[in-house]
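Presented sequentially are two complexes of chain A, the first with chain B as partner and the second with chain C.
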Partner chain A sequence: MRAFNAELSKLFSLPGIWLAFLIGAIAPAVIAALDSIAEKEEIIAGVSTRLSEVGYIGLVLGVQGVIILGVLAVSSEYLTESSESGGGQQITTSLTVVSSRLHFLLAKAGAVTVISILLCIVAIMTTVSATHLVLGEYAPAFEWQRLIGAICYWTFTALLALGITLLTKNGIIPLAVLMINSSVVSFSVLLYRVTKLAVYLPDRAGAEMFMFTSDTFTGSLFVRYNTPFTGGLVMLAWVVVIFIAAAIVFHRRDVAA
Partner chain B sequence: MSVSSSRKITQILGAELDKLVTLPLIGLTLMGTFILNLALAAAFTSAGLQGAAGTQSILNIGLASMGYLKAGFIILGILATCSEYTGGQIRTTLTTIPWRGFQLSAKHLALVIITIPVAFIIAASGILYTFIMMRDTAEVIEIDTMIKPLLGATGYLTLTTLLSAAIGALLRRTTPALVVLLGYYFIVSPLTRVFLPSIKNYLNFFPDTAGSYMYMPPSSDELNVLTPMQGTGISMIWTLSFITVAIVFYRKRDA
Partner chain C sequence: MLTINNLVKHRGNQEILSGISFKARPGRVTGFLGPNGAGKSSTLRILLGLDRATSGSALINGKPFAELHNPLATVGAALDGFGAHRMRTGRAHLRWIARAAGLSNSRVEEVLEIVGLTNAAGKRVGKYSLGMGRRLGMAAALLGDPKILILDEPVNGLDPEGIRWIRTFLRERAQSGNTVLLSSHLMGELAETVDDVVIIKHGTIVADGTLEEVIGNHSTLEEAFFTLTSEIAGAVV
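== the complex of A and B ==
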């Protein structure tokens, strides 16, 4: 428990974390508001087809915030200080204090999970209010199952980012790959055009927890393949696999290596 | 000891090149980009082969991976300038080269020298792979029609790298610079195109959209497209103004 508190305090004192909070809380609302404006015109024109998706698109893209959170949580530990302040790495101090590497990892994962759940709840509140503000009487009711799906999606993504960064020890590459992959031009969409197996990639499967409920959304790309529950399970399986791999590597690897 | 100014510039440029070449992450990034580009070209080619055969040109498919490719060059640009600030390298640099404007310009020049051949090779490899795989199905195109978009793609990647380097020099920290640039290129820019079609004409004047006209094959259905030369001009103005701002800040600010 003390290790968990320490991890929380370390995370909150990172300067980059405020960027993550800002993006995580504001971006979904802005995107949802823009989408709602576009949607409102369609409703008035009577050609609306995707009312049930409004707002959720913001939550898909707002996941950037927790990606930054997950990556920074690990990469900040491995950042080498300047030679003027000793050239050390935070990880050596952390492991001196919490000598069990498994405990350290669990505390870190716990802290990231808690923060991403809270961040997602904030994001949902801003998104829902933004949608209601713009759409007014047309605003769709937000079902709580889908909102819980969104929270799971955010949490799993943060844990994936954490696990991958633990393997690479450097924040740049996971940050770039994950940010691009959660954007509009994601790799999964591209791979989907090559092989249908791409629906089992973590982001595509995870998004099914709360997206793709209507069949009318643009094109065959967004056809639902798994139920929300199996989608969540597939993504959880990815998280578990990457986490076990990261835990083994972290357990065996020399910190200085 | 007095050194003539032309010799001085050569020495600064040599030092900057040396620093860039010896950064291990830059080599890794470029190699990763190269491999990733081939994998993406393979994916796009296979998707193209599955689609209606012969309808898409080799160039379109070969250059389709450009959208992802620029991420590698954004990282390259950011690394080049931000690496000075991790640790105290910047103070050593400025002790030996106390002319800040010169130093940052030389860094950008060194970056250009490295980026142009690499960007050319990477962009060409994507097209070449597509060409080999699709020779039988798609319409064969002449070499000289291939050269122009290829040069445009090289120029686009180089300008993107320079822009990222300038932003990196302004922000001085790797992660925020990376988040800002990737967020702009991969999230904000595509989204505004989807959600705000009314300002589409103005979007053409933003660096990434303008730059993309440098390699895009001309399409007839759009009214407000720019010619490759206009695209080059606009994105060059963006890059140069960002570099200028970066140099002004660099000269004024405490290192």
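== the complex of A and C ==
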């Protein structure tokens, strides 16, 4: 519990985290509002094919906030100080304060999980408000099952970011790959064109928890493949596998290596 | 009490430590001396559970670091660099460490006062001078008021006033029964601070004893150090 408090304290005192909060809390609402404005006429006319996606699209992109959170939680430990100050890293302090590496890791994952859940709840509130503000009575009803799906999606994504960064010890590669993947080009969507197995990639499977509904009609790419529950389980399995791999590597690795 | 017993460390096909043994006793300041790259930092990192030994043991009060319950209350350590993220303030850095050990924020203010950083506590660590960073590292080591201190090159980068401060401070800690182990490659600064001396060279201990024993017939510790560490090189030349 002490280690968990320490991890929370570390995260909240890191300025970069506020960028994560800003993106996580505000971006989904902005995107949802823009999307609602664009779709408004069709929705009012009752001919929109994207009614079920309105709002949720913001939550898909807002996941970038927790990607920053997960990456930063680990990369800040390995950021090397300038050579004139001795080239130290915070990880040496962290591991001389908590003697068990597993405890350290669980505390970190716990802190990231809690912040991700809270951030996603804030994002849902801003997004739902923004959609209602723009669409008024035409705003789609948000189903709580799908919203819980979104919270799971955010949390699992943050933990994936944390696990991957623990393996690379450097934030730049995971940050670039994960952010591009969740905003510009989704590798799993591209891969889906090659093999249907791509639906089992973590982001695609995880999105099933809240993005695709049975009445989704946006061409072959976004056709529902798994049930939300199966999608969630597939993504969770990815999280567990990456986390175990990262824990084993972290446990064996010398700090000086 | 710190006990290093037949410690061996390989990294790749390089042998960093070839079976070293020594002790650091309570009530004494033990100086762990050697040229750069001799294996000092590796030994301290293994002692603190940061690196793994290939074989042998490094024990703190008879236990490996990983088995300590609340490490901060047993052993305080300051290794290379500041050990802090540059975007955090000095105070925020000490506060998260205090959380990890279940200590209050008022203890943070106390150690800031002890190391003389109170006025700079609100500044980002990235803006600290080398001397301030070392003081921050010392403050972190002192937070849990541990009976054992392990310091890697504590006087490196300190100004004369800082060096004097650390000397007096460490002497006082040892006199009240604490164990202090410090590594250094600076002989002059240390002769007045240490009680016991362990000299390491190429991963092997070449001298171990009280200050007087190690100085022996040489005029100063520095003299003894150079004779002991350059013997083999001298023979080759």
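Methods note: the second predicted complex is superposed on the first by the 249 of 257 C-alpha atoms of A that agree within 3 Å, B and C clash if a C-alpha of one lies under 4 Å from a C-alpha of the other, contacts with A are read in each partner's own complex, and residues count from 1 in each chain.
As a working rule, a residue touches a chain if its C-beta (ideal position, glycine included) is under 8 Å from a C-beta of that chain, and two chains touch if they have at least 3 such contacts.
Please read these numbers as outputs of a predicted model, since none were measured by experiment.
By the touch criterion stated above, A:Gly16 is placed in contact with chain B and with chain C alike. Of the two partner chains placed by the overlay, only chain C lies in contact with A:Thr96; chain B stays clear of it.
By the document's definition of touching, of the two partners only chain B reaches A:Ile180; chain C does not. Once chain A of one complex is fitted onto chain A of the other, the partner contacts of A:Leu190 are limited to chain B, with no touch recorded for chain C. Using the contact criterion defined above for the overlaid structures, shared-chain residue A:Gly86 touches chain C, although it does not reach chain B.
Residues 16, 79, 82, 84, 87 of chain A are contacted both by chain B in one complex and by chain C in the other.
Remark: chain A residues 16, 19, 23, 31, 34-35, 37-38, 61, 64, 68, 72, 75, 79-80, 82-84, 87, 170-173, 175-176, 179-180, 183-185, 187, 190-191, 193-194 touch chain B in the complex.
Chain B meets chain A in the complex at residues 25, 32, 40, 43-44, 46-47, 50, 67-68, 71, 74-75, 79, 86-88, 174-176, 178-179, 182-183, 186-187, 190-191, 194-196.
Of all residues in chain C, only 11, 41-42, 45, 48-52, 65-69, 71-72, 75, 77, 79-89, 92-93, 95-97, 99-102, 128, 130, 133, 140, 156-157 touch chain A in the complex they form. Residues of chain A that touch chain C in their complex: 2-3, 5-10, 13-16, 76, 79, 81-82, 84-90, 92-93, 95-100, 252, 254-257.
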